[in-house]
Amino acid sequence: MTGSVGGRHETARLEAFSDGIIAIAITILVLDLRVPQFEVITSGDLITAILHQWPAYFAFLLSFTTILIMWINHHARLALVERVDGLLMFGNGLLMLTIVALSYPTALLGEYLNTPAERVAVVTYGLFVLGTSAAWNVFMLALRPGRGLLKPGVPPELIASTRRRVALGSVIYLGATGIALVNARLGLGIITAMWVFWAFVAYRTLNRRQRWSAEASSGSDETAEAE
Amino acid sequence: MTGSVGGRHETARLEAFSDGIIAIAITILVLDLRVPQFEVITSGDLITAILHQWPAYFAFLLSFTTILIMWINHHARLALVERVDGLLMFGNGLLMLTIVALSYPTALLGEYLNTPAERVAVVTYGLFVLGTSAAWNVFMLALRPGRGLLKPGVPPELIASTRRRVALGSVIYLGATGIALVNARLGLGIITAMWVFWAFVAYRTLNRRQRWSAEASSGSDETAEAE
Amino acid sequence: MTGSVGGRHETARLEAFSDGIIAIAITILVLDLRVPQFEVITSGDLITAILHQWPAYFAFLLSFTTILIMWINHHARLALVERVDGLLMFGNGLLMLTIVALSYPTALLGEYLNTPAERVAVVTYGLFVLGTSAAWNVFMLALRPGRGLLKPGVPPELIASTRRRVALGSVIYLGATGIALVNARLGLGIITAMWVFWAFVAYRTLNRRQRWSAEASSGSDETAEAE
Amino acid sequence: MTGSVGGRHETARLEAFSDGIIAIAITILVLDLRVPQFEVITSGDLITAILHQWPAYFAFLLSFTTILIMWINHHARLALVERVDGLLMFGNGLLMLTIVALSYPTALLGEYLNTPAERVAVVTYGLFVLGTSAAWNVFMLALRPGRGLLKPGVPPELIASTRRRVALGSVIYLGATGIALVNARLGLGIITAMWVFWAFVAYRTLNRRQRWSAEASSGSDETAEAE
């Protein structure tokens, strides 16, 4: 009993710390929307400069959405966890590292999309997204039912299906990064489409969970579908 | 019952994450108060340079106040919420996006107010404020009584009046942005006046709620007026 | 009763939000420790450049300590509060504004201390510290016993003595800023000495409170001395 | 009793504030991964520039891991604490200062590793790591059993062994910094190896604690080994 309570306190603190990192990582993305600088300025120049920054706005929107959805998923997965061990702690640390690091290829994409070097920017972005995906695989590895970290009542098939989905994501990001080597815009389009798809999945899951709450279903059923 | 508790935990966590983002967004505004750089420096030069930065101070004060009041309102509105669904989660995400993004036109305003390009800076600022206002409309849409996210006892007319106020705000920001196309200072003056007005409303509401607390009124009455 | 609980929840949330802002404000000070840039680099050049940055280290240490002590005080004062009203909310907002803004004169001091313009940098720093002091006066005004925000059992003389101390601080900062107009180093020395003194006061108060806890004194006595 | 509850609340708030600072300090490390700038850009140039930034990636990984492990340790040590006094508060403040400041030598290392000035960068990094280590010594001094801050049941030998380990760490960092004066890469290698070793220790401790939780051992046993 005491152990359980201690475990839950640990989980809550890991979640709060991760939330803090994610909140900062998502916010500092805006630091790459830089104000155009001029020696002599006219209204026309400034309008042109602002409009020419569209790659930076696009990169900001893409990474903001990416991190927001990862926050929703992170939360839903930690909701299944009763205790933290070394693998989960370091898997989570790796995930935080890759989420924080996403700021770099976002700035790169904002700077070099729509230039002769856009292929390098998109491939680099793809590699960093692949990095977050790899971290999710480690994270889910730590949640395998046999390892004993889950709350009682979490159905093993939920973990299994999430693991499959995460693994499939890695394959798709690998493919998109490969395609970007040949066609940057197509590769970036696939990565973007993936997040639109995942936003849609998260939206539906949140609504489904909602209905269950309204029906006052049991707590474990509810969290079991939280992913 | 379990569903309710789960729902309230969800709401608390959404609120904590949003608070984190808002706290960071409001703080990094200061990064646009840049120290003047000189090759050779004299006291006179530095005084002149600091005083000439008044547009940056003004933009900092305006956006700081804007975000502070949005935090107060965000808090008051989430206090009415029992459960989170997809629309509220993504409406809130959109709101966070626009609050975070406000840093960009703030820097633009700080740089180009009082230059030949000030009209472009003010119109851009107006468009971003309009963006936050649009996000508030989506957020309030998610809180419509029929959608079942509200705590029991929240009067429908409270939601309706808040929605009307938010919609009216959008119209005024649209007008102010349009006016800024013709007269930048007048447009900016209207946007600034709106925040002074909203600060006044928030001040009064906070005091009224206070008195009710002193009279030990029921919890739902209290939150019902929290907006 | 309900009102009280609601009030305490409000206070907790105001405290958490303020803590977030203070934590960020204290951390981003480090962004002004900038890495020296060279076209051609030698070990000797880098050592010289790092050592010549001492004003930036000093400014960082001064403002870090300043904000840390303000955090300790902010916490101790909010511990006396039962309910939040408009004046306290906006007084707290003003305090957050001035704490966040302190980053600017810190960077200025780090850049221009030990240059011909150091007087301007120190006076500006003094004015911003005076700003935080003014915000503390407003904050303490909101806590006047007659306004009804305090927890039951907080002795009025505690508030009165804190208010006197805060007012005295303002006078000293005003004096130090005035002196800095004539002698920058002396003015800065007084400001620095004030923080050393306040660190000492905070240290002693924390230890005294500690002993009381050990003696299991009543909760209100304990918080009453928390300042 | 009241004192204890107050004490625990104090500890929780110190922990939350420290978590906030650590989360920000670990996240802003990414701001030193700067996007290469070019007048005229080609894919080849950008690839070369990105690959040549390996010192910045290495420095980011090293400091991210360092701060992550310090967070795990900070958490484990505060879990032993019942009450906060002046020495612990200022020891913790000093620790936060050194963790936040680590951002500076990280940027220095990222910029000057693999240049003629790399020795200066590594020695500076070593000195700042030594600073964090010194802060840990003060922190552990505050936790000496005789000072009365610990929860009942924390075995004195746990504190003693942690203090020895922290002191040994300081000696090793001092040695590594000295070695870096002669051979920068070797010194940096020792510092890096230390963190790999500490990650391994933290990993094992987390797993051990985990098993105890599963056996539902008593709360104090559990926290006693949390370091």
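Chains here go by letter, A, B, C and D, matching the order in which they are written, and residues are numbered from 1 within each.
Quick note on the criterion: a contact is a pair of C-beta atoms (placed from the backbone, for glycine too) under 8 Å apart; a residue touches a chain by one contact, two chains touch by 3 or more.
Here the structure is a predicted model, which means the values were calculated and not measured.
J.: Spelling it out: a chain qualifies if it touches chain A and also touches chain B; which chains qualify?
T.: Common neighbours, chain A/chain B: none found.
J.: Same residues or different residues where chain A meets chain D? The copies count as same if more than half of the interface numbers are shared.
T.: Copies use mostly different positions to touch.
J.: Please work out the Cα centroid separation of chain B and chain D, and write it as a whole number of Å.
T.: 36
J.: Indicate the whole-number Å distance between the mean C-alpha point of chain C and the mean C-alpha point of chain D.
T.: 26
J.: Residues of chain A touching 2+ other chains?
T.: Within chain A, residues 16, 20, 24, 28, 31 contact more than one other chain.
J.: Can you tell me which positions in chain D touch chain C when the two form their complex?
T.: Contacts found on chain D: 1-7, 13, 16-17, 20-21, 24-25, 28, 31, 83-87, 89-90, 93, 96-97, 100-101, 103-104, 107-108, 111-112, 115-117, 119-121, 124, 148-149.
J.: Would you mind writing out the residues of chain C in touch with chain D in their complex?
T.: Those residues of chain C that touch chain D are 16, 19-20, 22-24, 26-31, 33, 35, 37, 41-43, 45-47, 50, 60-61, 64-65, 68, 71-72, 75, 199, 202-207, 209-210, 212-219, 222-223.
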